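Structure below; questions to follow.
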């Protein structure tokens, strides 16, 4: 393997630049060249790419977003689009491709590999942490920290006004962010897409809180819980007559300087992805499980569900007494 | 003057604790006692108060929210409610009262003073910076910083995806936060309640941006601009066909560790408020103008409008080229 | 088990309050009472303790330092001192003790257990991450983040002035913080107590950097590396003639709001410690390995050495090309 | 005026990039071109310069350090060096020069102007805030915030261990940072170069603190106070027998994302500098006093001393009771 490509795709996640940097530098270390492809698969389709050396990624490890940019690509959903992308890879003499992104991106990589025999390695870059085959995804730790900082600020106001805040955090299909934020933020309750918990159960939580003398409450709701924070707020209002404040944190959770855990994970996975290509591995995502680098077939990363931690969920309940 | 009271009222603002601390310590320095009244005027009505010594406010200068709590008080809008509050002040032997809050709180203080001859001094504590008679209000600097940090994060995503973000910041009647955030955040445009700017003007801004090669845009909208961020987003979509992302930052802007400027302002104003009571001054707000402590009759603080800086507004326009 | 005690001991670490909170609330959940002992073993010797309920630990999860205080105790090194402590535990009807701290604290707990049959559970609270039996210690993640934020700031200056910075981070006997900070901070080299690396090797690193066109360099040195940052700085100056700036981060690494990972770890371990006492376990530290709660005899926690990650060390080298 | 130059010089300060951006965009707005000169006067001597357009400074407003780099220049101290620089300015058709830096940089600009008739405008960029003619310098607010965040962290440890911390902050000749940090950090005492306060006076402060029941103390010392933090620490130890911890914050105070106040100040001053050149003004520093743009002859900026605020100094003393 002489030359590899790298792209970021899907929603941006903090630490993507650290992963790109690791890919470039690990490849350099192994004597390989790296081509950076801009705007994900859309840029691959359009041939928007250029060589990246180790100095090109200097001082990027701490940057949020992605210097390679990212974009949606409708054309990539078509065999013609992917054929055009494969053609660009051949033209540039690219032997393998590192795709940094989430499950949608891995689908795109999978088809490219299947249809055109391109060697691909996926690197999990998404704040949602919803990929099977890795304990954590790049960006997840930073998203949790950003959401937690917001919850800390809201608690100042909640405590001062003795109010109830219902806070919606990101996670369309997964409650990982919500659960971590609930435990770390000392929330009174958490609503997850993974749990079949009726929204009205919040009424007991609030009544119980009031009885215990809690003057304020923070309720965390994952974006993917049916109805989101608005539904929980409505249930509280209807069931207790108490007013709530709703806060939907939104896109701020995607940005910002990545925290150390995301940078370290990105560094490890970026390096491992290049090593995997050098070892002629393809069609897998590189992840880290229990501290060990592990490979999972791309199809499994989206087909199998990564469960939330039952222990942590129980812990959240216990400590909200 | 032997004993004074202090309360926080209205929306909480970062730095309120620094102001309470300054009141307690400045009073101690002058040989006066301080009674802390909880939950604002509601607590004064209910007689929820206790003596505060210098050690009671140790390690509070950096805390968000207010350790004295704050609450709405319907009963305080009635003469009977205020009479009851005045009775509690007499019972406790309180000769003067420091009220930390915004214009609603100053109304409450004004009536108490008019009806019962209680000596009152207002200290401007509100993130909105909308009080006449002081260049800045306590909490304002921190709110700007919090909003700016969010804008920086959104810019990471905006730049990575080449997207337009419309960000709504607090300020129901005033655009001070919005203007500062727009300049400091390098925003492409800002919509303020003070400016009679049609929402459709954003269409030209975006078209101009695109023409100049800007791949992403951040538009700041003050809460008090008619229709808020949603109206601006709609105008962009209808006028350019481009998609936008809306982010309404909300209550996180109220919380958090106060930045140095808020702590210093709170320290100066809290001290000056006590000195004013010691000097038999009453019925005024203590503020800081051009670095100098200044007093303004309470009625003027809400009757007169504090203008936004025309120079800064022009600067925002110039630098968004 | 009806009533347990909890104390924090040794150097303070961010997340200790989250651990105390978890102990109190998990005990409440199991119907046990908790006595908070102030100033560590010194306070136990002096009988400085009081009951703690779930509301006493409200709003403490985000606080740095330890609300129970901590102190050195010379008297605890004597059998008489420990006998006095054991007497206080009996007087208060305390059946088991949770000790949050590092290896020195675990020694103290071990002797108390051996000599007086007191049931003890250790909870690893130290920023150094140098305890065998747990992947991470409480406070470690925050210390890394604080040091990393400082390195990011120094890099701004290093890059602007094209300078070499030598940064010393905490870790008297262990290089965990240094290694993580080096990888996450994109450092050019890292010196650890665990590695037998001559200080003069830095000369080649700097010469190599200059040759590659790196205009600035950051070198991370663990406190426990012989000679620390000063020795490395001297070696650079003597071997290359280049000037360096030295930054010794020091105690700031101990403080601050704990990051989510520390709060979550503290919550899990505090809960597990209480459960262990309820299950009649004693003489062990509760840790988390590969996400699973695990117990290690107290003597092993200090007798066996926790190795740094070889993979991560290699990764640091690879990515600094 | 058709084309102007801009450079950053001396120690880097957060907000320098915001100033460069403002210069570039304000010039564009007025139809002028901008040449960015790298590495300050050294780069001007070497002719290291290129045209900068509005897009070149996109997404730089939030960056620490300076994208134009900065360097010491021995050759600039010689008439020959400056003649060479003037020659490069003529070659490039540059009619005026904006110099962003501190008093050393303004000296360099002054000589260039005197000897070669080059029109120069100074923009105050230094964390020390020690330039006469402007209430604040660009970078000052961020440096205070960084130092304050460190003090907050140290207080966590100080309070947990009931210890005394002596913290040295930057300011070789000026105590502005120290005074602000002392007030905002709630320090027990502050030592400034401007005050003729014997180091032994700290003994009374500590004894008084202990008597009042303060368990921990934070003492702030400006770098420029004779002997710095070490001298104060020694005095405490010798006069009270108590141990202290010393923390010298150092270069971290130079780096980091600029806070809003520095970005806004930089935006205003950068714009005003360009306008001044367009108005044929030269030989002055542009500053902001009481919110108003003001010009001061360059020689006055270093010849006259900017005093610290006596009111704030008194306030610091009063509130440390």
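Residue numbering begins at 1 within each chain, and the chains themselves are lettered A, B, C and D in the order written.
The rule we apply is simple: contacts are C-beta pairs under 8 Å (C-beta built on N, C-alpha and C of every residue); 3 or more make two chains touch, one makes a residue touch a chain.
Here's who's who by UniProt: A, B, C, D = ATP-dependent 6-phosphofructokinase.
Computed from a predicted model, the values in this text were never measured in an experiment.
Trainee: Just to be sure I understand the contacts, which chains border both chain B and chain A?
Mentor: none
Trainee: What is the chain whose Cα centre is as far as it gets from that of chain D?
Mentor: If we average the C-alpha coordinates per chain, A ends up farthest from chain D.
Trainee: Averaging over Cα atoms per chain, report the distance between chain C and chain D in Å.
Mentor: 35
Trainee: How many angstrom lie between the centres of chain A and chain C, each centre taken as the mean Cα position?
Mentor: About 28 Å, centre to centre.
Trainee: What is the distance in Å between the mean C-alpha positions of chain A and chain D?
Mentor: 39
Trainee: Identify all positions of chain C at which a residue touches two or more other chains, and write them in rising order.
Mentor: Touching at least two other chains: 152, 155, 159.
Trainee: How do the chains pair up in terms of touching? List each pair.
Mentor: The set of touching chain pairs is A-B, A-C, B-D, C-D.
Trainee: Show me the residue ranges of chain C that touch chain D in the complex, using the header's touch definition.
Mentor: 8, 11-12, 14, 63-66, 69-71, 146, 150, 152-157, 159-162, 165, 245, 247-252, 254-256
Trainee: Once bound in the complex, which stretches of chain C touch chain A?
Mentor: Listed in rising order, the residues are 21-22, 25-26, 28-29, 54-55, 58-59, 61-62, 135, 141, 144-145, 148, 152, 155, 159, 180-181, 183-186, 212-214, 257, 259-261, 263-264, 267-268, 271, 290-291, 293, 309, 311-312, 315, 318-321.
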